[in-house]
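What follows is a set of structures to go through.
Each of the next two complexes has subunit A plus one other chain: subunit B in the first, subunit C in the second.
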Partner chain A sequence: MERVKCECGHVNPPGTILCEACGKILVESEKNKKILDMRYEGTARRSQTYNRTIIDKIWSFFSSVKVGVVLIVLALIASAIGTILPQEMNTTMTVTPEQFYADQYGWFGRIYYALGFHNLYQSTWYMLLIASIGVSLVICSIDRAVPLYKALKRQRVTRHNSFLKRQRFFNEGPADNIQAHLQTVKERMERHRYRVLEENGNIFAEKGRFSRWGPYVNHIGLIIVLIGAMLRSAPGMYVNEMLWIKEGETKAIPGTNQQYYLKNHEFIVEVYDESDGEVYQEALKNRGNIAKNYQTNVTLYKAEGEVLPGEKPRLEEVKSGEIRVNHPFRFDHYGLYQASYKLHEMSAMTFQLVKKETDEVIGTITIDLYNPEKKYDLGNGYAVEILYYFPDVEFKDGIPQTKSPNPNNPAFAFQIISPEHPEGERSIVAIQQTLEPLGENDYKLAFQSVDTVNYSGLMVRKDRTLGLIAIGGAIFLFGVILGSFWQHRRIWIKQDGETVLVSAHTNKNWYSFMKEIEIILEDTALPIPVDRGSGLEKAVNENKGVGANG
Partner chain B sequence: MAEVSSILLYVSFILYLIATLFFGASIRQKKGIQKQNPVSRTSVAGKIGIIITSIGFVLQVGYFVTRWIAGGYPPISNMFEFITFFSIMLVGAFMILYYLYRIPALGVFALPIVVILIGYASMFSRDITPLSPTLQSNWLIVHVMTTAAGQAILAISFVAGLIYLVKNVQQMSRAKAFWVEAIMFVLIIFVGFIAASTTFSIANYEMDLMYVNKEGEETQVTYHLPVIFGPHEYTVISEGGMEPLIELPAWVNAKQLNTLTWSFLTGAVIYLVIRLLARRRIADLLQPVLQKMNNDILDEVSYRSVLIGFPVFTLGALIFGMIYAHFAWGRFWAWDPKEVWALITWFFYSAFLHLRLSRGWHGEKSAWLAVIGFAIIMFNLIFVNLVIAGLHSYAV
Partner chain C sequence: MTKKKRLVLRTTILTLLVLAIGFTVYMNIAGGRSDTAEVGKKAPDFVLKDLDGHEYRLSDYRGKGVFLNFWGTYCEPCKDEMPAMDRQYQIYKDQGVEILAVNVGEAELAIEKFINDYDLTFPVIVDESGDVQRAYGIFPLPATYLINSDGIIVDYITGRMDEADIQEYMERIKP
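And now, the complex of A and B:
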């Protein structure tokens, strides 16, 4: 393909439909049209010009808005499917996901799980779909923005008649006594913030060209957001951990490479009551307790020097503070968020070793449910050994096993050693239950008390991609506002011998534009353009499947 | 203060009803005037209509401010407060578009929708509820208010689209005309909901039932409408009143289905009465009033509303929503159903804009899209809140 030289002298890139400078129609087939397709100023778009190599074909495919819309609609439908049942990540399950979906939602849940919809938003095909939208954004934008920019930059004041006569807003009339009115018209145009150019008595008024860049700017913003989202999977960019910490405990913060430690001084729950004011009484009566505050008071420490595995590091205090919902605790790009809590969790159990015959108390043992010792020595030949520990016991066919590592329902298999039984007596102790599997024992462990503790559930987050996503979001919004709150309006007035041609074009809001033109040309000898768009729209649609608008 | 607030809302409700009548009269009056003067086209009735609407708007803002003072936080935190705030924004959006285009017909459709919304909102608990810790956030306030504004402007696009469809209903195929009538029917179902709830609440109807829920626990539930659909393995506690007709399995929310059924039945009765009296479809009943409207202007109003509403919605629902989520949960996006539906709304309007800009979807096609867009917004507001529970379920 070759460059096309127009009769106005401008040399256009190959594939140009309307001369960039004067608008003359360069392609025969366009001449049959009553109204020109002005969406991209009749520029040469790569996708419409080249179609030989595989790259050309991929480019053409993704540059199509039709393809873009199909991708958007597919993403829309896919996203909707993901909300029918709760996603795995937003659900707490005690059984396997497969079991969970089958139990809760029957055959539908089974199918939902089998199709992978329980993890839809993390699935490869969903990501590919979003990525294709990204590719489409880039290619669509480059394919249109570059030639459009050039064409708008090179446009001349004087346009070819064939261009003017095929605008949606057009009229012509005698040029006799317009001279006297041209000055008024120019002043009115300037008052309406048009940039007015003149050449050989022809007028070209333009405003809001920048709004044409809105779509491309917002697409750049979207791409940045997508890149940001992609970067989260890069190492070190994103941390998402849960920290369950007891009151009084000091624990390494997960996700910080054992660098930071946290001490939980106190966990606080407050609820609303009468003291909070008369207005709330009705609601409190109807709803019961409503939480007012969840808070953990903490101190942050930093590990000093080289930390050897298994060794307790030296801790340097960094700062103290409180963590409340909506008020995270921040340090070194990390944030600690008050996410959950557990009150009155069992932490330790106390038993008395009792001689059954005499009810004599031999001694007392306290078992830390998180870290039980193997053997508790009570002296004088008495000792208690823990053979098995089931933090969360469940009897399956009479055999004890543990459901989870959390001490929700602890049970023990003890070996009670006494001077009478140096080999020990076997006893299985669970809450409100004692089994003596090897026959009647002489000694028993009597449950005495349980210590409870409050847990605070803190979310540990680090997200280094936030800045990028924020910038992308801001650019997107700026672009959208640019493109939708303003419009690109142009008016051409051309004297051609005895007649004057008046044409106008806007990329949207034609009705408002017409009102403005009417005000500008009111009471002058210039003909007010006629909107030929709506009547012809159908014909144009049939021609090419697109409207004259845009 | 709380009483003042309720009165202000009530008065504005009445004013919107009156304003609707004036806008209606204004369309009829316009027929003569339009030909003489195409530029200034405001009739006397239209002027009165917009003045009454403005007074209603001021009073409604008064409701908002007084409730804010009474409760100590901006009233946007539960269904009643949010829908009412959305209705304020809808009036505001209508006034902006009216200012730009001076179309009284917009008022004839927008204000009844506002009235329905206020009525619908009032069916939820109107208690001033203290804020739970997650809701105590300034970002939440900004997020919710901007979202409501964006959705309200997008709703005007629906209003203009609906006028377009009703106006052109007689040129449509039977199938399309059926769907236009279906929209009118859905609007009447909302009226049915309000009518049924109000009637039984005046009669002080209450029915307590015990039932076994999905988790297998014995739970109590109170119906405020006669029970057609009883919950799973129910036993009736209250004496008198209608026994449930049908028992439902545990995974269906029987109370909501019951309410839905009542709304549908009452709506259907109202609809049938109108049909029998008028002997015409509702769309055909309204059509003559709209005959003089210009298709191009309606199309432009619908499109313009999307152009203004889309950035506001993006800012409020997505950007501010993400900022709020970041502070509240430490993650700006959690794939929570309400969030996803905001994204779906956004996808939808993006597709709308692309179809319009590049595929030339104007006029009727564009009007249908505007209707679907609003349906998605309403789906997110009502269905997702009440049925699909998620992080946002506190909004019930």
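And now, the complex of A and C:
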């Protein structure tokens, strides 16, 4: 394709539909149209005119709005499918994810897992799909914004008749007595904040051109948000981990490379009660307990030097504080958020050693359920030995075994040593259950009490991309405002011999534009343009869409 | 703008886009973090103690193959494969392959009983804090990493292994 020289003298890029300068129709097929499609000012979208190299082909593929819409629809469908079965991160499993989905959901689960729907956001194909939307966004914008900018910059005051006659707002009339009125019209235009240019008695008034950039500013914002999202995968930018920590425990904070440790002093749950005042009475009566506060009191430590996993580091206290819902504990770009809790988890059990015959209490032992002792010596020839410990007992074929390492349902195999039985008597003790497998014993361990401990579930967050995403969001909204609250309005007045042509164009809000034109041309000899918009509603709606959402 | 200039510009923009996307996808797939275990990479170093308080540091085993097994007393397949592991250990320990069996941090008593019941002769170390399990991304049990004499992870095995499997794995990491 060749560059096109218009009769007005301007040289247009190949593929141009309307001359950038005077607006003359350069493409035959466009001449049949009663009203011109002004969306991109009839500029050549260059991607559609060159297709020589592979780069040009890729470029022109992503330059298509249709392709962009298809990509967005595909991403929508994929995301919807991703909600059919629970995502991997929201399930608790005891087997591999592959096994889990096959067991729980059969053939569908198998396919679901194989295609990566179980962990959709980390699936390569899903990431590439979202990335393609980003690419489409960039290329579509460049391909439209640049030619549009050039066309708007190069437009001339005097436009070709074929351009003016095919505008939606158009009228013509005799040019006899308009000279006297042109000055008034110009003044009125200026009062309405138009920039008015004159050339050989022709007038061109324009305002709000910047609103045409709204969609593109909007896209720049979106692209910045996408860059922020991409940066999350860069090292040190983003951490999102869960830390379960029980009272009294000191643990490495995940996501900090063993550099920070946290001690949980106490986990507190408070509920509203009478003392909180009259206002709450009714709600309390209806609802019972209403949470007032969830809080973890913590101390933060920093490890000295590099610490290997499993190594007990020397810790240096940094600071202490409280973590409450919506009041995170912050340090070094990290935030610890109160996210969850488990109350009254068993931590220790107390038993009394009792002589069955006399009910005489020989002594008391307290067993730490996380780390029981091998032997508890009670003196005078009495002792309790733990032969086996089952933190989470279940009986399989009558044989006790543990399901998990957590003390949810502890059971013990004791050997009770007494002066009468120096070899010991065997006793298996579980909650509300005692077995004496080797015959009736003389001594028993009577359950006395249980100590519990509270766990606090803390979310460990670090997100250094937030600033960038906020900037992107602000630019996005700025673009929306530009495109929504202002319109690009243009009025052309051209004298062509005995007639005067009046045309006008805006990118949206035609009705109010017409009202403005009527005020400007009121009581003058100039013909008021007629809205010939019917039949072109489609194009008008599309224009609105572009302005509002990009 | 000439055609050549346009081609250069388009190529530049597309290259930048592809680089950015490639980086993101790579970081997501590879886990990205250098301290997480991954086949083909250096095994993350760690220090753990056995029940007697002996320290075991992975990097001390450079020059030997390490069969790094994670287990728990509550894990059924672990119980089945431990005796087989012990038999193979007897054969391969003189050929430069070491077994390190990392317990997932259970009560000492339970571990001790287990070692005695199964008569285990290889070192059993305890990951009380769970840090090593996190560094190796252990879930579920049993899980075994094969580490060669250069400290590089050769393979990661989850699920049940029989004695023939274990023998084959030992052969693979024999120096």
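Just so it is clear, the second predicted complex is superposed on the first by the 374 of 550 C-alpha atoms of A that agree within 3 Å, B and C clash if a C-alpha of one lies under 4 Å from a C-alpha of the other, contacts with A are read in each partner's own complex, and residues count from 1 in each chain.
FYI, a contact is a pair of C-beta atoms (placed from the backbone, for glycine too) under 8 Å apart; a residue touches a chain by one contact, two chains touch by 3 or more.
Here the structure is a predicted model, which is why all the values come from computation and not from measurement.
Colleague: Of the partners subunit B and subunit C, which touch A:V95 in the superposed model: first, second, both, neither?
Modeller: Only subunit C; A:V95 stays clear of subunit B.
Colleague: Which touches a greater number of subunit A residues, subunit B or subunit C?
Modeller: Ranking subunit B and subunit C by residues of subunit A touched puts B first.
Colleague: Regarding the shared-chain residue A:P254, is it in contact with subunit B (first), subunit C (second), both, or neither?
Modeller: Once the two structures are laid over each other on A, A:P254 reaches subunit C alone.
Colleague: Have a look at where A:Q352 lands relative to subunit B and subunit C in the superposition and call it first, second, both or neither.
Modeller: In the superposition, A:Q352 contacts neither subunit B nor subunit C.
Colleague: Go through the superposed model and pick first if A:P235 touches only subunit B, second if only subunit C, both, or neither.
Modeller: second
Colleague: Given the touch rule stated above, what does A:I58 touch, subunit B (first), subunit C (second), both, or neither?
Modeller: second
Colleague: May I ask you to decide whether A:V325 touches subunit B, subunit C, both, or neither, giving the answer as first, second, both or neither?
Modeller: A:V325 sits against subunit B, while subunit C stays out of touch.
Colleague: Which holds for A:S162: it touches subunit B only (first), subunit C only (second), both, or neither?
Modeller: neither
Colleague: Touching subunit B and also subunit C: which subunit A residues?
Modeller: none
Colleague: In their complex, what parts of subunit B are in touch with subunit A?
Modeller: For subunit B paired with subunit A, touching residues are 2, 39, 70-72, 100-101, 125, 127-130, 132-134, 136-137, 214, 251, 295-297, 300, 303-304, 307-308, 310-311, 314-315, 318-319, 322, 326-332, 334-337, 340-341, 343-344, 347-348, 350-351, 354-363, 384, 388, 390.
Colleague: Going by the contact rule at the top, pick out the subunit C residues touching subunit A in the complex.
Modeller: Within the complex, subunit C contacts subunit A at residues 3, 6-7, 10-11, 13-14, 17, 20-21, 23-25, 27-29, 32-35, 44-48, 57, 72-74, 104-110, 112-113, 127, 129, 131-132, 134-135, 140, 158-159.
Colleague: Using the touch definition from the top, list the residues of subunit A that touch subunit B in their complex.
Modeller: Residues 39, 65-66, 68-69, 72-73, 75-76, 79-80, 82-83, 86-87, 89-90, 104-106, 121, 215, 240, 272, 276-277, 279-280, 282-284, 286-287, 290-294, 324-328, 335, 337-339, 459, 461, 463, 466, 469, 473, 476-477, 480-481, 484-485, 508-512, 515, 518, 531, 534, 537, 540-541, 545-550 of subunit A touch subunit B in their complex.
Colleague: How about subunit A: which of its residues touch subunit C in the complex?
Modeller: Per the touch definition, subunit A meets subunit C at residues 46, 50, 53, 55-56, 58-59, 93-96, 122, 124, 127-128, 131, 134-135, 138-139, 142, 227, 230, 233-235, 251-252, 254, 257-258, 308-311, 369-374, 386-389, 391-392, 401-405.
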